[in-house]
Amino acid sequence: MASLQPLTAFGKREPVSVTHGPLTITERTDIALASVAVRKGRAADLAKAAEKAGAPLPGPSLHQQGSPCSAFWTTPEMWFVEAPFASHELIADLLKSALGDAASITEQTDAWVAFDLAAPDLAPLLERLCNVDYPSKPEGYATRTVMEHLGVYLIKHGPGAARIYGPRSSAESLLHAIETAAHSVW
Amino acid sequence: MRYSGFRVIAEALTGHKGWKPVWRDPDPKPDYDYIIIGGGGHGLATAYYLAKEFGQARIAVLEKGYLGGGNVGRNTTIIRSNYLLDGNEPFYEFSLKLWEGLEQDFNYNAMVSQRGIINLIHTDAQRDAATRRGNAMILHGADARLLSRDEVRQMYPWLNFDNARFPIKGALMQPRGGTVRHDAVAWGYARGADQRGVDLIQNCEVTGMRIENGRIKGVETTRGYIGAKKVGVAVAGSSSKVMAHAGMRLPIESHVLQAFVSEGLKPLIDGVMTFGAGHFYVSQSDKGGLVFGGDIDGYNSYAQRGNLPVIEDVAEGGMALMPAIGRVRLLRTWGGIMDMSMDGSPIIDKTHIEGLYFNGGWCYGGFKATPASGWCFAHLLAKDESHITARAYRFDRFLKGLMIDEKGQGATPNLH
Amino acid sequence: MIIHHPILGPRDAQEFVYLGDASLIDRPDGMTAGVEAFHDYLYQRTNPAGEHQELWYHEQGDRSWLVVTRNTVTHEITKVELARDVARARGRTK
Amino acid sequence: MTQSHRIAGGQIDRTKTLRFSFDGLPYQGHPGDTLASALLANGVRLMGRSFKYHRPRGPISAGSEEPNALVELRTGARQEPNTRATVAELFDGLEAKSQNRWPSLRFDAMGINDRLSTFFAAGFYYKTFMWPKSFWEKLYEPIIRRAAGLGSVTREEDPDAYDKGFLHCDLLVIGAGPAGLMAALTAGRAGKRVILADEDFRMGGRLNAETFTVGHATGADWAAATVAELATLPNVRLMTRTTVIGAFDHGIYGAVERVSDHLPTPAKGKPRQILWRIYTHRAILAGGATERPIAFENNDRPGIMLSGALRAYANRWGVKVGERVAVFTNNDDGLRTAKDLQAKGVDVVAVIDSRQAGELLPGIRHLQGAEVIDTTGRLGLKSITVRQANGRSEIIAVDALGLSGGWNPNVNIHSHHRSRPVYDAGITAFVPGRDGPPGLLVAGAAAGQMSTHAALKTGLDAAVAALELSIGPDLPEAEDAPIRITPLWHVAHGKGRAWIDQQNDVTDKDVKLAKQENFTSVEHLKRYTTLGMATDQGKTGNVIGLAIMAELTGRSIPETGTTIYRPPYTPVALGVLAGRSRGKEFRPYRLTPSHHWAREQGAVFVEVGNWLRTQWIPKPGETEWRQSVDREVLATRRSVGICDVTTLGKIDIQGTDAGAFLDRIYANTFSTLPVGKCRYGLMLREDGIVFDDGTTARMGEHEYVMTTTTANAVTVFRHLEFCRQCLWPEMDVQLISTTEAWAQFSVAGPNARKLLEKVVDQDISDAAFPYMAAGNITVCGGLRARLFRISFSGELAYEIAVPTRYGDALLREMLARGAEYDPIVYGTEALGVMRVEKGHVAGGELNGQSTALNMGLGRMVSKKKDSIGMVLSQREGLTDENGYRLVGVKPVDPNAKLTAGSHFLEKGAAPVAANDGGWLTSKVYSPHLGHDIALGYLKAGDKKIGQRMRIVNLLAGLDTEVEIISPHMFDPEGERLRG
């Protein structure tokens, strides 16, 4: 698009990937993100438009896969919608044209650093990082939680697969916290 | 009976048979000139000064539990007068001066120890604020020094100077600050008051107030009705509960503040220290325990106990500042109820009910205020006018916009 | 403490920020009320030893303001509502 | 010495030998030993000194209640003071030292205190040391402080790491003795999520120390088999070395797991300990009971210990504490010790039973109706004096004495919510009272159920009740001996001292003195004598002290009452409570989009909240920070400078009521702001004090972008949500923070536009993009961006924002494409200089104590609409016409230095509070003006412009003449920023 070269939250050209024992932490820079909030009294309009646009609007504490967009609930009447960055860098504009004025839409792509965690079982790691009862939660569980003083979103894609969205400016501190916990556990 | 080193030796040699009760346990009389509700530090000091300095008699202190069982019995024992605002500094400096002569005055060793207090500085903005404060203190006749990083390092070389998230850049010091053996304050005042004829009545809870035609007549208690010409309430922590007997709502919330003591250690910290980049303050008692605390839990509570997050937050502050204490053990935690006022400053004032006076809203700074609070409250009770150093502690300051807000947090009590 | 969030279920109170008495919802109208009314609203508290309705903000959660009914002596929580619902029920509009 | 006191049996691994040292002497022990058991096995009874009298002491217990055997464990940075030898697990190479003694444990000079003890009665220090006044800090107190304290602390950083974690369960079982194991088994077999935590390194509790059978196995074997079954259940988590430290609100328990304390050092990357926060549905306290001694004269000598501890050392650790042992008891449990020791071949020379009648063990001499009244043996017990039923005294040579005064249920955790224990005369002990922590049940000895059968049964029943199960497993058979006890707290005899609180040296005499002086309430007793305030928190001594007080006052024990226990159950290392939040990881870092670029340039960073911001960027040859800052300011004012302002809070406000909402939030009006424009906004708190400020832009009809200060980004957002949800719930407003989504740079200086034109794709001429314009643009060939024409520096200035990932590149691109203008990047210091020159308020002025009027912005508060703080800002105290006003200040002598925080005085006025005119809020050196300048709040300052005053900094002895000037010290007409 433009001549400017993007950097990751770590100030690098390429996303970081770290392996320790059974755990792999992969930074995801290929996700576009936007918040979608219902305008007052427009829930039905939004639901209709969202369905047409392929953007799910799941219930509280849930993440829902969709095509091309996935989404998770963040606050009452607000979701974060995920889409591939390559095709949806202008995610806010795309959603605005799809959803019209039934929603307030704000680009969030670069507000967050995203990590995918993979291990046979993430519970021993996550119990050192946050108060979420990970094993008891269903797949598709999405919540905000705190890891080492950082507010993050945690999405469970399986017992051994999770995504964490943390504040981009604290990417290094967050990764350090996860890595430290991993070394402590494994 | 007068206490002295000679007396201690003489008693030791004669089997300690001569020690007398430090106070009587009188039954309440039908009426008094003055009733002080609350046998904590402030209430006892008020009674003591009423009798001693203002020549009043027929005084009773009513305590629902045991003497000194209020916040004077559970605090971190710090005294200081390092306040910023004109409404506060003269009062706390008056208090510090009273501390300095207290033991000789009431003939009880409360271990008033002026080993100094330092407030650490971690940013340029904090240094500016400390400079403003230090100057205000000196203008009010108190003592203050601004320490450089190197001076702090000389005092406490083992603080975290080299690996800190928020480096130490200096400190504001008040050399006359220090600590006092808190229980002894209550006992010293109680003994002094008792010797001057004040009836200290324990296990006597006030359950109601008799008010006729806008004037207080006396109080209902678990030990019966007791009449009084004037009633002074000094029950910080329970102020709203007691003043509700007079139908009053207060600009006060009750919050829990936890405090902590470690196992006994050989000397590590001489004076008092506050961390400027987290919630942590600490001193070491003469017995060797580190006495420390931090922020209030943050929610209204009368439970006298707190929860884990604040314990952890305080420990984080401690470890960030003093990385050598990782293996020192926390021995005991406790929680006191704080009268958190709407601007972080206290109230010593008359009420709209004639003969009913109020002293409260001490937030978590009430211990150091004990002597001046007692003196000024006694002054108000005896003379019906505010002591010169306590004139700003009025109820109507919120209505008039004359808040005394040291921290600049506004009407959010849990942030003061 | 645990707050049973009406949408999210049990959550550690550490995720919340406490404000105070839920009477802070009842803000007077600045165009009609004067200093005295605002003074009572902002500064005066019942501060009960017992049941207390109070405002908590789920800052590290879903950003809901909640009205929590909690006993200040035992800390027992008996009711948790969305503050927005309470505000509407108390007649607050725009 | 090689384990001279080791006897057969026990749960130690004799195939392995561990070497360790105590006070420099080498010893040997085995895996499974504690430091105390190993020392006792080596014939070492003397392990410590008491706090006040420095009396020689040995362990009295075999558990965490130990008051005496405290040692300094490990060396160097890992030195731990006050470690109880009775719970310190032995490892190869362990080094321990005795503490609170000089020069050595056997010969302690401070032992003189014991001789002088009559002068050191309870509270003696309150009655003396008052004259002369100044001697307290100078003489008395330093001596006391040096003498006091127990172990010493290293000054080195703790090298070990600590973790925290969070666990969830249906049932937490605290304690893995018979009751706890049965409870866990019941819940575990029912498929419930169970956590079983025990402070010991071996589960089984007293079963490991006793010889009874459970079912067809020994108690220890039954425990091991049960633990083995539990270990196979995926729904059960077994946590040894894990102490539940406290019961907090709503079923949350704190627990400390000692992961590595039994190792010489933690494995790489592994923590020493973990603090677990356990969220429970229900919990069962099965923490057992603690035996209490009997107080009599000289009852504190090494070799005198709890009878159950003697038994435990023999049965669990294969250790005989002495060659000739006696037992002094008031209940049947003491007889068990005699029986077990006898069975182990230990010479039990006498059982002194204070009761008149009872069971007689064959082959052991029983003295019934007798009492121990004194002992000898300074460094270790040599003999006891027994007063027999007939009144005759007899001296019996023994080197160990077991005391059994009955067992106190470990009610501690049950009273963490301030529930008062109640007295149960049947077992002469306090049991859990009413109103314990909701959801917490108590089972086994902790509930006063003292037999093994009762423990198993109540454990099972508690689990069934807690989880509403229909049925539990079958109960194994176990002993169900009744409690036969005749209370005996204290042997009244003679003039000597009987110890109650051994560590703090509180004796029966101290209790008597407290009574004599009317410190009779239990709280006064505790505070006056220090009873129960030692590191064991009175676990063995408290009840005896209050029983003696009850006796003295003629009240019953229930009338006398008891103090309550508070967390933690046993002392907890501060390190584990802090976890990873220490050193540089105390708080997370926030890094700006230009951070990596700035680091390449050698920038100096400054902490602003959690952000690290560029403070200045030194160039080669610059040795003083001022050189760099002056250059950055001058270069910006001369041509163009760029500053990363990403840290300012950014909040996206959308909805059809967004404008009306902002009118309520800000003191000034925003609904009338045209699309494509921005405006400076002033936000008040409800009390009328200024809360925050910043520019807010209208990006669309229903879309605003608010800017907050860096410091208040979070609190402003919280406030907006409060207003939106609680005050005006029907407004159509949606909020989201975008602080981190955009990299935002201020571009300021006469050439700002020219530089930006090199990267911005659109026309940004003054006509197309005038002062206070705002809009969406693109840069560098189509990248989405935002541009705001606002200025904090007084220069022609813009703030330009791109998605954060492009921030670094945009900065480099601006520097490269604009090279002809010599752009510089400036830091927060230069930013501060320029804003002070311009008279803009910031941190020093936005202090939470100042009004719009104070800041000279009073007219911004619109009274035509309701907004937060409007009404209360009109109170008399906040509208004083002689109140503080923001002023500019310059020194009359341009070489004079100003200091922020200095106070204003009129010329000739004495430096006293009555003359205090205000203070300097911010001070900078203005390279443009060539001297220091400052902002300040001065009383009636608006009327003093042009006057001369002094500013004083009494902390530094500075007194400087200054001129009061307008705060707008640079380009007051604003010609440059509109240029």
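The chains carry the letters A, B, C and D, assigned in the order they are written, with residues numbered from 1 in each.
Note that in this section a residue touches a chain if its C-beta (ideal position, glycine included) is under 8 Å from a C-beta of that chain, and two chains touch if they have at least 3 such contacts.
Chain by chain, the UniProt names read as follows: A = Sarcosine oxidase subunit gamma; B = Sarcosine oxidase subunit beta; C = Sarcosine oxidase subunit delta; D = Sarcosine oxidase subunit alpha family protein.
This one's a predicted model, so the numbers in the text were calculated from it and none came from an experiment.
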Highest-count interface - the chain pair sharing the most C-beta contacts: B-D
Longest centre-to-centre distance from chain A, chain (CA-based): B
Where chain A and chain D are represented by their mean Cα positions, the distance between them in whole Å: 33
Centre-to-centre distance between chain D and chain C (centres being mean Cα positions), rounded to whole Å: 28
Per-residue multi-chain contacts in chain B, two or more chains: 303, 307, 399, 411
Residues of chain D touching at least two other chains: 164, 248-249, 252, 277, 279, 417, 581, 585, 587, 657, 686-687, 730-731, 872, 875
For chain A, residues that touch 2 or more chains besides their own: 131
Contact pairs between chains, per stated definition: A-C, A-D, B-C, B-D, C-D
Contacting residues of chain D [partner chain B, same complex]: 51, 77-82, 118-119, 121, 124-131, 133, 136-137, 141, 144-146, 148-158, 160, 162, 164, 246, 248-249, 252, 254, 275, 277, 416-418, 509, 513, 516-519, 521, 523-524, 527-528, 530, 533-535, 537, 566-568, 571-575, 577-579, 581-587, 606-607, 685-689, 691, 843-844, 847-849, 872, 875-879, 899-903, 911-913, 915-916, 919-923, 952-956
Interface residues, chain D side, partner chain C - complex: 248-252, 277, 279, 417, 435, 438, 657, 660, 686-687, 714, 718, 721-722, 725-731, 865-867, 870-872, 874-875
Interfacial residue positions of chain D with respect to chain A in the complex: 161, 163-168, 268-271, 274, 277, 279, 580-581, 585, 587-592, 595-596, 610-611, 646, 652, 654-657, 702-703, 730-732, 734, 736-743, 778-784, 802-810, 813
Chain C-touching residues of chain A, taken from the complex the two chains share: 60-61, 74-76, 131, 143-146, 151
Residues of chain C that touch chain A when the two form their complex: 7-9, 12, 14-15, 59-64, 82, 84
